[in-house]
Each structure stands twice: as structure tokens, then as C-alpha cells.
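First subunit A sits with subunit B, and in the next complex the same chain sits with subunit C.
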Partner chain A sequence: MPRHYSRRQLLQWVGSAGGSAALYQVSVALGLLPLTRSVKAQVVKARGERRSVVLLGAGLCNLAITYELEKAGFDCTIIEASGRIGGRNLTVRSGDVIDEIGQPQKCEFDDAPHLYFNASVARIPAHHHLVLGYCRELGVELEVFITENRHALVQDDNAYCGRPLQMREYVADARGFMSELMSKAIDTRVFDAEFSGEDAERLSAFIRAYGDLDKQGRYKGSDRAGYASGGMTTPAIKKGTLDFSELLKSNFWRRGMHWAEAQDYAAPLMQAVGGNDKIFKAFLPHLKARIVMGAQVQTVTLKEEAVQISYNEDGQRKHITADYCFNSIPANIMNGIPNNFSKNYRGGLASFGRGKLMKIAFQMKERFWERQDIYGGISWTNQPIEQIWYPSHGINKQKGIMLGSYAWTNAHSEWFGRMTPQARLDEAIRQGTKVHPNYADYIENGVSVIWHRMNHQLGCTSSLSPEARNKYLKLLQKPEGRHYMVGDQISYQPGWQEGALSAAHHALHEFNTRVQLAKTG
Partner chain B sequence: MPRHYSRRQLLQWVGSAGGSAALYQVSVALGLLPLTRSVKAQVVKARGERRSVVLLGAGLCNLAITYELEKAGFDCTIIEASGRIGGRNLTVRSGDVIDEIGQPQKCEFDDAPHLYFNASVARIPAHHHLVLGYCRELGVELEVFITENRHALVQDDNAYCGRPLQMREYVADARGFMSELMSKAIDTRVFDAEFSGEDAERLSAFIRAYGDLDKQGRYKGSDRAGYASGGMTTPAIKKGTLDFSELLKSNFWRRGMHWAEAQDYAAPLMQAVGGNDKIFKAFLPHLKARIVMGAQVQTVTLKEEAVQISYNEDGQRKHITADYCFNSIPANIMNGIPNNFSKNYRGGLASFGRGKLMKIAFQMKERFWERQDIYGGISWTNQPIEQIWYPSHGINKQKGIMLGSYAWTNAHSEWFGRMTPQARLDEAIRQGTKVHPNYADYIENGVSVIWHRMNHQLGCTSSLSPEARNKYLKLLQKPEGRHYMVGDQISYQPGWQEGALSAAHHALHEFNTRVQLAKTG
Partner chain C sequence: MKKVVLCILSLTLVLSPGIICAAEPVTSQPTPERFIYCTVCHGTAFQGNRSLDAPNLSILGTWYVKVQLMNYKKMIRGGAGAKNHVQEMQQMVTALDEDAIGEVSAFVGTMKSTPASSTIFGDSARGAKLYQSCGTCHGADGLGNETFGAPRLAGQHDWYLERELVSYRNGSRGAAEGDLYGAQMRASISMLEDEESIRDVLVYINTFNQTLNKN
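And then the complex of A and B:
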């Protein structure tokens, strides 16, 4: 060892074993495709005078753009409205102040490395190549984030008298009931036209395997639901089955049950060890840029060969003129800042709304959920708190930060947003008690992040109708003069770091094309 | 904050919100059940003379028994046949020697904390309370182990020309096809007798949600299969659908597709940070026991009030007599060691077989799988290598240890077991190439652990027919004289650490009852 097989030998072998179709498909589909996992953005080296860049907003997108432009020799200045770098990449820890308009909250968590929560970006899918690539390049350590936990709970006031069920019980029985129905349909020869002979036999076996049915095609419970008892030194006792009609009354099958099937939520997901803010922070030591903090942009003026920005800093109006501008200000906020963009471009900005998300986090004096076999993941409820999250890290430690709510529905965030911070916690406890009756006993303190009430954010993701997206997104992805709109908002992945970094690379590509043309022109 | 709600107030609130049924079910099912996650075994303090214990085998079970007995003041001696402690809890690292009969292998991995593999126990389910409890008590750090990875691959020579598919594509399309068929069955009113009115409407919606069908109940692909392209700064393009008849020809749906649904494999699973041998090693600093290594037991003799063990050490026959004996020698091996057990007890021992498992591990100079979006988890193939595993730890590092095979089928382990170590690696590479065509390019070295050829093990799990289990397991769970059979083999969870620890606690319970009776008698 090592024994080396040449690529040619391998292909010959696959070809002889699987025929030419296999050979072709194997070659193309997998290893012999060029693997483009590099995060290198192609940027022509800066030459001569035209090298000044101003970036509006110190979120992940502009930090990545700065990082790439500085590598190519450009001079960057970042103008940030708020008092912190990172934008919506926000990890909340002991002593942090939540910058909510009119009612800032101080986080009272204990000071310990595992006692934090990611207030916005929380999970990284495996196909988010830019996030993962930068983590690799910049040395950000990653760990697994649990999104689906079959030991977590499903609670719905409309089903099973509101009793919380283990997700695995719900899912196993749903599959069982469904498969039993299909098995009946086969018996009545509904599928005869489509399946015959071996296919029909296989379909029948498939259905039994899918639902864990008995040989007669009946569902009589499954160990997939978890045992009622036993299984260690005494025989396992199966759980009884749920009532299917009750199950259909619940809402979990409409969305939550299929969550981990979705494009962006399929296991495994990842997070940065110690908090996702490690990701944006990993860029900072590499940057030379001046970052002007607490500076609110007042005007954006496109000039013939430059972009002029005016902003307020320490109560004073200041100006900066640069050769290029990258602007990550939320489009709906940018729409209200005086500018001389074209009418069409302004129409694009005006078409953006802003999504409303919220998270409520509690410091728990004991990780009681782990004693209920829940290690990480999400419990679902039909109440306005929507989801309860358990941390994937700090397993087996004494304390933990859990989310008492992660709500995506605008109405729910708005409702909570109108309350005082204390009233939000009380309300989250009241609702959470239906999922975990002894929940409140463990709470030491809590904090809420209502994104549409956060200073300089006023929302968490861009929100755009499909029509507006078709009409405007491509337009906003193109520069207006020497000004580039950037941020996750101009991607098809708003609210995700990968959207922000894709937007960064897209803008750099546009920028690079322009600079190259200028050089050769 | 903290705001405290009394338990009574909470129950009143649940009662008023959900009615008495909810109140009862919530109270019983969840938080107000006593949470018995303590690993404390009740052992009466040793008094007087009767305090010597001999334990045969230095695996996890006997280490835990020793730990508990020493806390109660008993004097323990452990007799271990092999040259290492830990039994089948074996983590293989740089320089380790695999103690295979007749052909020991040396592990050539680089010396780095993340370059290891767990040769047997690899994952800890959330309901394995004793393993998790001891990890907590002894400070073993845990992290998430990825078992199901929807980005991993499914390869079957009998379907799709042997082309490997992403599991998410396979699963999403299988759900889609199945749901579409059900939708047709509903249209033909097969289920009319069972579902009417609202129930029928809900069932119809359930089926559409389950398979991601369109409003007409047709499956036309789903983003659950992953996008073909786009989705970041360009619109997402859906994948085409697989052929269902081909899918039915594959074997994945018979077992692997439902793997993460099973009682012991539902996400999340866990592992010890740095290797699962951290678990048994955590007991060692707490033990006072003398551990006699390389000592093969020759006879086990039950005396009136003692147990006598003879064993070979350094070519010499030695004897030890103790008041009690805990024996974790595999039953099929113990069956061949002269003893004076009752005929029935010997019949029990004789009924045990031994399961055959194997793992083949490669050090890869690059984590090429992560460039294919595979972070941890398992790819499945219908070839004898059965499964390919990717490490859940060391994400984004340069090198990694992956399993080129994890085979559970006796015939496959036997076939590989008859080869030389080098031939096994070559064969694993030949098969693995169908899953990862460029696989061999990355291999630096490899090692195989064929459990039925491992010295003093001769297998990995006990294997017992259901009839033999019914007849004998209860018998072997009872002491024979002052001798207790222990180990995972006397549990319903053979091959699992939880089985070993459950057996430990079961034996301690039996032991405790006896000691208490002796004291009060």
C-alpha cells in the first residue's frame, strides 16, 4: 500500500462490469466531473488609479467581497450603520445587547462557551459550497447540526387532545397507515394496468417494507415508533398504534413532517463550533479595510466614473467617493435613501419586502430534554411559537440554551413583537408548557430577537413576489453605473449565508468582467 | 426573570386549555414521570469477609460492574485473555496492531487525533440511557454521529445500469411515485368505506404533501431530490424523475431506505469525541482492580460458597478463588471451557452462536467525498462490501478515515475473511469503485477488522435463534451458584454498549438481592 489504479484501468473495469451506459454515467455523474469546490473568485489585479471601493453594510457578503478585492489590490472602506459587524449573522452570548428599536435587551446567560444561540443563520447544508469552502479556507471548525430528531415532539391542539407525541411514533404510524391503504388498493387491483408480474410483486413488497406491514399487508405498529418498554434485558414491547383519523387532524404532516426532506434541510446540516459568528469573524483578521461603524448612509449618488456616498457619523454629515460601490443595504431600506438610480432600478428596490422571523431563547438550568431522549433538533407545535429547538452542542453538560420559539410566520412574529420582552417570554412559556409541562421549572433567563424590530435590519430575509422576482431580480443583479446591489437579497437563497456569498461572487464576477474590459478596451 | 410557575399552576393551566384527557396524558406521558436517567446501580456496601470478586473479560460490562462494586467496597480482580482492555470497544489508530488470528495487521494511519475508526461500537442512540449516563458521570465528551445522509449514494447493479444515485433523489422519487399511486386509488374510490367528508379531503391532502405531488395528484419531481442546477443566483432547475420500475428492481428499499426509521438508528445518534474507546477508558482511572492481561481461562468451577477460576499466564497455570464471579466470556467460547455448570445452563451456553461483522478502513489523502457534498453517513451498495461510511468528525480537514466496507452479512464477512489483508483491500477497492469511480486515487493505506477472526473474540455479537432466546436467555440472566453470566450477550441488545451495560446493571441487581438476603437472613 498505497496501491494505485490508474483512472484508465478503473474505467476499463467499470466498463467491463457495467457496460458502456454504466461507464458513461459513472464517468460523467461522479468522480470525473471537475470538482469545483474552490471558493476562489477571479478578480483581476488592481492597477493604476481606479482602485477605491466603498462597501455599504458590514455583513458576510461585503466582508467576503472585501476579502477578495483586497487580495487583488483594491482599497476598501466599509460603512456600517449599526454598532456591530456581521449583519444578521448574530450569535448571542452573555452580556450581549440585543439592539431592538426602543427596547434593547441585555442577555443574562452565564458566561460559558456552550451557552449561546445563533439568532439568525443557524445551519449549513452540505451543498452550500461557498460557506463550506470559506470555512475550510479560513479554518472555521464545523460540527453537525441536528435538524430532524425523531425523539423530539409534535404537539397540536387539534389532534390527540393536544397531547405531545414523539415524532418517531407519528412518522412510523403515518407510514404504516398509508402503506396499509396502498396494500388494499393493490388487492383491489387498482394498479393492475401499470404493474404486472415481477413489478407487481416488487411493488407489493415495497409497500410492506415502506410501512413495516405484516405479510398480510396490515399495519400493527412498528419498532420504528420506539418501544413502549423493554428491549434491553427484557423483551421489547411495541407501542400501540395511533388513530389515523386523529393524525390527519393535526397539521404536522402539512409541512413539518417533510421538513428534513426539503432541498435545504436534508441531513446532515452543520454549524460552526462555538457559534456561527465564527464564520464572519474569520474574515476579519485578513482585512485591511477601514470599517466606519455607526454610520448611516444618507445619499447614494452615481457619478460618471465614481459613486459618492454621504453618511452621518457622530452627528456629522460626511462624504466618501469611490471608484466602485457594493451595497448590501436591505432593498426596502435602500428604497427610502435618496439616490439617482434609474427609474427601473428604483422600481426593483421598491418591490422588495422584508420577512419577519423571531427567536426566543431560554437559559435552562438543566438540559431536561436530554433526559427525555431529545438531543438537539426541533419539536413542532401548532401554537404561535411554532418550533422549540434544542442545542446540538454541549451534549450532557449541565446547562443549555434552548429556543422557546422559532417562528417564521409573519403574523406570529408581529404578535410577539408588539409585546414587551418580558411578556414575550411569559407567552412562550405558556405555550411551551403544552409541549413540555415542566418547562418553566428550568428557566433561568431569556431573551428574544424579533428581526423586524432590530435596528438597521427591520426584517430578516428579503421577501419578493414571484412576479417581482421574475421582473426585477436579474436587473438588480446587474450594476447600476459603478454601483452593485449585493447581499443575500439578490439571490434565490435570501436568509442564507450561501445566498449572501453567492451574491458576493456574482457581483465580483460582474465587477471582474468590467475591469477586464476596461483594461483591454 | 427567572419566573417560576408552580407545577400545580402548570397543570391547572394545561387542564383548562386541553381538558382532563390532555391533563392526564401530559402529566403521565412527559415531564411528571419520574425521570430515571441516573446510572447509579444499587449495591449494598460490602461487610465482613465475603467481598472478593473475580471478573472474566475486561470489556465494558465488567469494567462497569467493577466500578460499581468497588464503590460498594468489594475487591475485584479482572482476568483478560487478550493483550488489551476494552473488548469489542476498539478504536483503531496509527500504530495499532489488529490482533487477527494468524495474520496480525499494523495500522499505518498518520498519527492525528481525527484519523481513527471505531472498529465495532460506532454509534449511540438517544435512548441508550446507561451509555449516555456513564458518559455524563465520567465526563466523556459526545458529538453527533451522522447515520443517514441524503447526499450519500445508493448503488445497485440491478437498477439504473449500476449507476450510483444520490439517496435524496431515490427517496424523494420513491415517495412521489408511491403517493401518486395512492392518489389514483383515492380517485377510484378504493378508500371510500374508510374515509369520508373531511377525513377524505385530509387524506387526499396528506398524500399530496407526503409525495410532493401537484394539485392533480401527479408527481413531477421535487426539490426534495436536490436541484439539478441553480438556486443561488439563478433560478433552481428541478431534476427529472427516476424510472419507478427500475427503482423497484434495486434492493435499497428492502432495508437501507428505512434504516434511519429503525428503533436504534433514528437520528440523532452520537459518538465519543476522539473515538468511542474514550468510553471504556473513562472507567479506568476510577478502578483499583488488578487486571491480569493475556490470561486465558482454563476452568470455571462452582464451589459451595465460592467460584474457582484457573487460567494460564506466561505459560503457567494459576488459580484464583473468589466469593463471586462475573463472566463475560462469549457464551460459545465459554461452552468449550471445562466447567461444572448444570446441564440446563450448559445447554443455554451451547445454544449461542456468534455474528460475523467486518469493517475495512482506508486512510484517504483527501476527503474527496466532502467535495461531493457528502459529510458523514453511509452509502449503500448491493455488493459484498454492503456499506461505505464517511466520518462525521474532522469535517473540512485534509485527510480522513473512511470505511470501504461495513458488512453485516455472515457470508460477506466469511468471504473477505478467507483473503489476505491485502487482497481484502484490493477487493474493497474494486467494489467501491462502482460507488466512487475515483476512489482508489486517494487511498494511502488500509486495514481490515474481521471480527470472527479476531483473537479471543471469534465474532462480534451473540447470535441466538428466537426459540433458543425464549428458552435460555432468562436462565442465563440468573446466577448459577455464585457465578453470573454477563456481557451484551445476555441482553436483547447484543453488539451494543447499552446491551453490555444493561447486562451489568441486571447482574448487579441480582447480586444485590442476594447480598441483601444474606445480610438479613
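And then the complex of A and C:
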């Protein structure tokens, strides 16, 4: 431990401890806050010839592009391989088929408006201006998504004999113990003259407030951890403190504890009322385009002044030639579709990796968690299921759809992916029981969505490594002939709708520049 | 067997090959609906896709495709402990019965060969010498030989062949009980003593005429 702390180090420390709120204030002070951006895409009106556009893939990105191009008078046709529109924006409801490759499942949920499972898109942060802008423009109703819940649980096989703890207890005690250490460090005068006088006093008050210490700088427990009992008609009884060394053994402090500090996960977040697929569905009534379904693109051929696509429809090979093409097919699948792109461009497409995330959802006959004070949010465990989610919607209703797992680690997703759908549910129940004993008693049915096994997706994202991104992203953001590669994959935010819509607007900007040049030139 | 023959006939009768213009890459007739999922990984012309670890099937004969699909089915390839991509392929046959396996093998057998491009560098002349012993089974032109169960190598992706040769060597392929063909190939791998020999022989295999018809 360094013996002297400079002002800057302190600010850094406050920044990481105080999280995004503190950073926000610093940004305001330094005038670093982004200006409110316009969500309007500029597209020149189509006139005369050259107005046909073919779009590959009917995901959010291409739906938004079609919406903008049609406003400007272009004729659009969308070619989609799968049997549904929406791509990776998927909400699963009663009777839906989950198109897992080689192993389709059917969803047995009851048919009720609140009994749905957002298998991919879960949350929208406030700085996702394009997503929120389109929701406003198209009338998608939003509600709050609970990103962090201090009543949710923290469970780790390596700490407290695997006993689940309330997150608020863990967090309060972790801060208390840390602050007590800091407070002791001040006492022993390891701080140099920089922190003499008022600064030192403020710092010591900050530390006491941060950890809820007593006047002597000791941590004796805090009501932030929740009361053990009482507090209404009888006096509140504080909880005793946890064992610090056990607390450190839990892996919760590595990730989960700071989750809601992160750029994209800080409260408040939003979701669409009734399921996040309302977002892409809001575009559909405004579109005139023909959407060809069950039509897997077979080849992409750049011509001198056009792009030719061959695809399968009803067991037959068909062709379509258009003036322009927007292609959102996951790049690692596109790498298996014959084309005549340049070598370098193909090299870019061949560099995408597969993101592997998976979710398991259960229909619960009773919202038992709400009787344990848990309304929405996430519980954390060190087991391969990683996270358990409680729905932010349908609070106080009888039944609910809860996530029995949301795994982010490739090895965990692959492991679940190799199981049969039933074995996945059994395994998720076995692990979940450590977090919620008797969990299984409430489960009526369940489904799993293993994103790297979903047909025509084979990944929760197709994304570039940072090195490959440096090498290829700029190239892929430029048109290849009259062909534009799009989708969240062509952005710094793969795995976010904002990435998909940003890529859409970027491509429209490129497109617009070309069309304008053609007009004036 | 009869079923397979019938199937090939009906496919060739019903599906006329698409008209291919000069600039467009080579493709064959549309893949039947129920086997489209194979092409999501293996490519729409079954030409293979390195991004998904999937080999070129367009060069392979019906007989070999069938043998390997049955190997996956019986977990001779892709059993517990196998690498994730091998298990991933293994799961792709769980929903297929023997008839369906015959059907898809027959379809793959009708695909036009799309040769792979080479990615490996090495000493082709040395590779040619090393290949002499391989040729006994795989044929001097690398076109394969059904009698020995030896697949076509000409036109296959070199990164895949390399990966498989390493697998034979370390026993993750060819060592499972009941894998007779695999055991034969595994016995032959000792001829390639190191990585360099593997690369040299693959560079030589890349020189084969890849457009020849398959057998």
C-alpha cells in the first residue's frame, strides 16, 4: 500500500467507489457531457431510376433502414432466412417455437400478457438515444426495468458454507469493513500534507459516511444491511456483521457488486411494456416492403451497377437484383455464403467470433420471491447458472416468468448447450435450489435459449476482437460496391440494439452521401 | 440402400440446377427445407466455413458423409470429452434417424465440388514424398477410395485437415471403440512425425486438381 495519497489518487478512488454518479458529476464539471443527439436519419428523396433496395435479414437494423428509406421513396425488399421477423430481438410466449438448430423446442407457458420471457433484449439504458428515439416516434410504451435489487441474493459455494445472503447485507458490510480500514489508515497518518486541515477532515467524514461508521471510525453494523427484526411498533434490531474474510471469499465483489455501476447497466433502465419485441414490431405497420420469409440467402454478387442476390424460397432457387443492398446477416454465417467481395473485405468478414450467452426461463406457479421482499432485479451465484432474474413486470400477480439462468461465460453456455433441453432445466433447478430452497416446487415448465445454437444466428453476437476491429471495422463500415454491411456487428456495441441502430444510421449516412453525389455529379 | 438411390433420382428429377451467371459463385440445387440447417454452418454451397469450424462437404462422396454421420450418431466422433465444435456437430444428428442420414448424405453427394483456398505454407516437394504412403488409401490424386473407407482430401480446407491429423495423433479421433476406419487412419499418422511434416503434406495436397468429379 502506498504511504502517500495524492488528490488525484483520491479522486480516482472516489470515482471507483462512488461509481457512475461520481463520474457523471466530474463529466458535468469538465463539460464532457455529450450533446443531445438527433435521432433523425437524413436520406435524400429517391427520384427517377435507382430506387430499388434489397435488405438481407429482417432484424431491427434492417427494419429501421427500410423505415427510413421508404420515407424517402425507395422500394425495399427484405429477404429473411428464418420463419420469423425480429432476429435477435426475441420475446418468447405461450406456444412459440424456439428454433434451436437441429433441436427445436416449444414454449409451454400459460397464455397471459405478463407471462413472457425476453430471451435477448432485456434493458435499455438512458443514453441509447436511437432506441429511445424510435420508441418515442413509434409509440412504444416503456416502463422501468429493475437492474439492481438490494433484496436479491448473493450465493457462493466458497463463502458462508454456500448460504445465500441478502445483497444489501453483503454490500453494507463490505463498505463498512473497507471504510474502517481507510479510517484506521488516516489515524496512522499515512496521508501526507496534501490532506491536512479541512481536506483531511472531509476525507475522514466521507469515509465514515461511505461505510456508515460510528464517530470513532468503527463499523458496528448498519441498517443499510436491513433490520434483523422490528422497526415499526417495536424497536428495530440491527443485524450483526458478517465475517469479513468469508465475505472476501465470495466472488460477488468481482462483478455482481459493481454491476449496476457500469455504463450500460446503471439505474434506471427501461423495458417495453408487454415484452421487448414490441420495439421491432412497432416498425412493421409503417413498412410497405415485401418481406420474404424462410428465404435463406445463397449467394451475394456485386455487379457493376447493382447487387444480385440468390435465395431459396419454397424449395426453389430465386434471384433478385437491386440497385443497393444492406446486409445484416451475422458475419460469421456470411463467411459461408459465396460472394465476389474483395479479398480484404472477405478477410474482415472472416474475422468475426461468436458470442456465447444463454438464458433459461421458468414459469412459476407462484411469485414466491415477492414474499421474500424481492421485486425484480438479479440474484448472483458462482455456479454456472451465474444469475437468477425476477421479472420487473406483473408484480403481485399469481404467476411469473423468472430466469433460472443467464450465463455469460463461454464454458458455461457451451456446457448447457451440449445438454438436451430437459437436462438443462434439471441442472438449472439443481443449482437454483442453492439460492432458493424448494425452488423446484414452484416450477411448472421452462425453456432454454442457447444463443450460439439458435438457427441463423449461431451466437448472441457476431463480433470482432479489439485487434480485428482496429484492422477491419472502418473497412466494413464503407460500402463494398453497392453493398453495405450492417447490424450491431458493424459497431462498437455488438449485443445492443443501439449498436444495430447506430450501424443503420451510419450506413444511411454513407448511402445518402453517395446518392447526393450521384445527383449533383 | 435402395432408398438412397431412389432419393438421388427424385432429387435430380424434381430440382433443376439454378442458372448460374458468370460472376456468381458456383452453387447447386436448393437444399431441401429440412436440411437447410446444415448449411448455416457448412455454408450454402456446403463449401465449409472456418468461422464456424465446419469442413467442406461439397467435395465428399455420399458413402463417406454417411459413414461419418453414423459415427457422430454412435458417438464415435463427438463423445464426452470431445472438443466443443465436435460435440456441436454430434448434436446435429441426434434428431436424424438412419433414413434421414441416408437422405442428407445422398443430397450432399450431389453437390458440385467447391474447392477450398489454401492457407498453409510449407515444402511441397517434401510433402509429395510423404504423401506417397497416404496415396495408397486416399489415391494418388487425393480423390479418396471407398474400398478403404478413405475420404477425398483434394479440395478440403487445409486448416480442417491439419486439425484432424492432430486429432488422430492425440487420439481424440480414431481411438474410440468400434472405429475401424479411424483406427486404420490413426495407424498411418505415425508417418507424419511432426507439425512440419503435416504442413508439408497438406501443401502438397493443395496442389491436387480440385475440380475433378468426386467418386
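To be clear about the criterion, the second predicted complex is superposed on the first by the 481 of 521 C-alpha atoms of A that agree within 3 Å, B and C clash if a C-alpha of one lies under 4 Å from a C-alpha of the other, contacts with A are read in each partner's own complex, and residues count from 1 in each chain.
In the analysis below, a contact is a pair of C-beta atoms (placed from the backbone, for glycine too) under 8 Å apart; a residue touches a chain by one contact, two chains touch by 3 or more.
In this text, all values refer to a predicted model and were calculated from it rather than measured experimentally.
Taking subunit A as the reference chain, the count of touched residues is higher for B when subunit B and subunit C are set side by side.
Once the two complexes are overlaid on the shared chain, A:352 sits against subunit C while remaining clear of subunit B.
Residues 81, 101-103, 294, 296-299, 301-303, 308, 310, 312, 315-317, 331-333, 335-340, 350, 352-354, 414, 417-418, 453, 455-456, 458 of subunit A touch subunit C in their complex. Every residue of subunit C that touches subunit A in the complex is listed here, in rising order: 15, 18, 21, 23-27, 29-33, 36-37, 39-45, 47-52, 54, 84, 87-88, 91-95, 114.
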